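The following pair of complexes shares a single chain, chain A, combined with chain B in the former and chain C in the latter.
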Partner chain A sequence: MRETKKELKVPAIKEGTVIDHIPSRVTFKVMRILDLREFNHTVSVAINLKSKTLGKKGIIKVSNRFLTEDEVNKIAILAPNATVNIIKNYEVKEKIKVSLPDEIHNIIKCSNPNCITNNEKVKTLFHVLNKSPLQVICHHCERVMESKDITLI
Partner chain B sequence: MRETKKELKVPAIKEGTVIDHIPSRVTFKVMRILDLREFNHTVSVAINLKSKTLGKKGIIKVSNRFLTEDEVNKIAILAPNATVNIIKNYEVKEKIKVSLPDEIHNIIKCSNPNCITNNEKVKTLFHVLNKSPLQVICHHCERVMESKDITLI
Partner chain C sequence: MEFKGRDIISIRDFSKKELLYILSIAKRIEKNKNPILLKNKLAALLFYEPSTRTRLSFASAIKRLGGNTIGFAKGEVTSLKKGETLWDTIKMVEQYSDVIIIRHAIEGAARLAAEAASVPVINAGDGANQHPTQTLLDLYTIQKEKGKLENINIGFLGDLKYGRTVHSLAIALSHFNARMFFISPSALKMPQHYLDELKQKKIKFTEVQNLSKVSKQLDVLYATRIQQERFPDPVEYEKYKNAYRLDKSILENSKKNMIIMHPLPRVGEIDPELDETKNAVYFKQAGNGIPLRQALLALVLGKIK
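Up next, the complex of A and B:
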């Protein structure tokens, strides 16, 4: 019995989105940003795939969903080298390189425990100072954060 | 460009485990029980796949990992109809039907807020009263719980 037999295979998607070149360790965070656990069409995720450029990469495939520009840009916060492939009729119709937004609204936490966003019901907002390497500044307390300091809300 | 081209495909696994027939909604919980997010070989997961018996099912494939009997039994708590396929050299060598253990140690929470396990550092322990439908009893407070009451620690 081949492992590739039908019932054990993840089918190729007909219409949807493939997010490729995600650093392996943030793959499930990207799932969270896009609320994919709650999505009701087929979603498949793989981590620790071999990648020449990233070492280990993750891939996410989602059937019947196309991302908004805002969603594509959110991905860039965690996975600045990701590519978003738009699939139509089993073919890659478009390949989008993600791009960091200038402002990041209510996605990441401020690392300053005294920041108002950690103490009152105030949404977080960061301005992107530098895209590579990533450097952001909190709109409220001016804490500067780098990639390693970033955690999701 | 076919979506099935090499870089977008999740490769079949050479050695490892395929967990099939997981109810879709608990697929990521099964990942958690097995600590698969932290595993450093290829792991792929798909949810909302069509299934004749389950409506929607999830599948988890893990390279280079074989489950212990204890792990297989843990899966049964969330996915009593799951099958665990052991893959060797790309072929399904063995198909194990999961089976509920008689005792469940420190995996699920007691739903009784006054239970000692929710108030002191005491590990949870449940005895399985009935396997289908699932019914368990807390060793400490004797709260009886069904499938719908079960949450993971």
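Up next, the complex of A and C:
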């Protein structure tokens, strides 16, 4: 094992992905987006860790899983400042800064109860109008939503 | 400009150039008085929500160009009662017709219909969202009456929160450097995200509660109905219904050639005493829906290029 830098709140992993700098309150939502409850290998989660930039942050370590670009971008919807570290043999092989896609397909729900996507079985689509602060527009009903309005399907 | 096969769903889908092109075709059709452009063409009018003007205007537009219509109005929607999805209805109707015109109470219904259909779909109003043919006929009316679209001073009056015609027209006029005045009670103000969008586009606007404060500056006064069906609470509706009522006194405090527009129906916002004045253009405005809708039909069906 490598030398211990500081006290690790979550055990290090040999192979896999570490998602760091997640705002604490959305950590479990990120778990949900990535379907980690259903995952077969070890997933370690910590929340309410001290963070200079976020106040309280969450961290997720997933063994034996490497995220697709699509999955990385999904994280950006909830945690625009998250970093995704790819770990190979206990080493950080790659550090990816998440970035919002221009279009968000079938991940979030429209906040307008009168939108067709909430009334008929339709895949949702949102166009990103502004990345920071996040502003998206529903492709169908044209409702403009901000971070606080966003819920997952 | 290629319009053949295109859907008309939202005013946001059109560039300034395209908007002006559609208006120029409407002008040409109006001059020629009903050329037979839609012979053997069948339009499906799917009106899931009540409408008089829009439905009759579309039917008239199509028939006067030699085409024909099938369809239903609210109350006759039998399979819907059986629980058929909109998607399935459209998949069937697209095979029965050359173009689909849809009005629906659910926002985004027209966009979904367009995704389902291989024939062009025209949105005739989807809930509180879009009603692009109304917006285009509003632009056409302003252009006809004022001789231009650029640099107009326009006042929007009444329910600016729920009024989709106001939202779409404001967005459309942002292409033409309009100066906008939003006149409404504070509870019915223009939604913030529209104001943000106008700011981004560097459009100057002012929000006021009193029409008299700004009426002298207006070239166009666009009045709207306070719509009962958009209010969950009838008490709220009663409170605002009479907030803005126009009568002849407005003419004493405005430019001589200011025009008064209204998407109709009106329910008391405009005193009939204004009808005979040259300022009142709301009935002409409704009439302008015919050449404008004829232009759109001819364009999306590829009969005019």
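Quick notes
What we mean here is this: the second predicted complex is superposed on the first by the 142 of 153 C-alpha atoms of A that agree within 3 Å, B and C clash if a C-alpha of one lies under 4 Å from a C-alpha of the other, contacts with A are read in each partner's own complex, and residues count from 1 in each chain.
By our rule, a contact is a pair of C-beta atoms (placed from the backbone, for glycine too) under 8 Å apart; a residue touches a chain by one contact, two chains touch by 3 or more.
What you see is a predicted model, and the numbers here were worked out from it, not measured in a lab.
Residue contacts after overlaying the shared chain place A:138 against chain C, while chain B stays out of touching range. By the touch criterion stated above, A:46 is placed in contact with chain B alone, chain C being left untouched.
After overlaying the two complexes on the shared chain, residue contacts for A:120 are found with chain C alone; chain B is out of touch. Once the two complexes are overlaid on the shared chain, A:20 sits against chain B while remaining clear of chain C.
Of the two partner chains placed by superposition, only chain B is touched by A:87; chain C is not.
Between chain B and chain C, the partner in contact with more residues of chain A is B.
Judged by the touch definition given at the top, the superposed model places A:153 against neither chain B nor chain C.
Common to the chain B and chain C interfaces on chain A is no residue.
Looking at the complex, you find that chain A touches chain C at residues 110, 112, 114-117, 119-122, 135, 138-144.
Residue ranges of chain B in contact with chain A, taken from their complex: 1-5, 7-13, 18, 20, 28, 37, 39-49, 59, 61, 63, 85, 87, 90-92.
Interface residues of chain C facing chain A in the complex, by the touch rule stated above, are 10, 12, 85-87, 105-109, 111-112, 126-130, 193.
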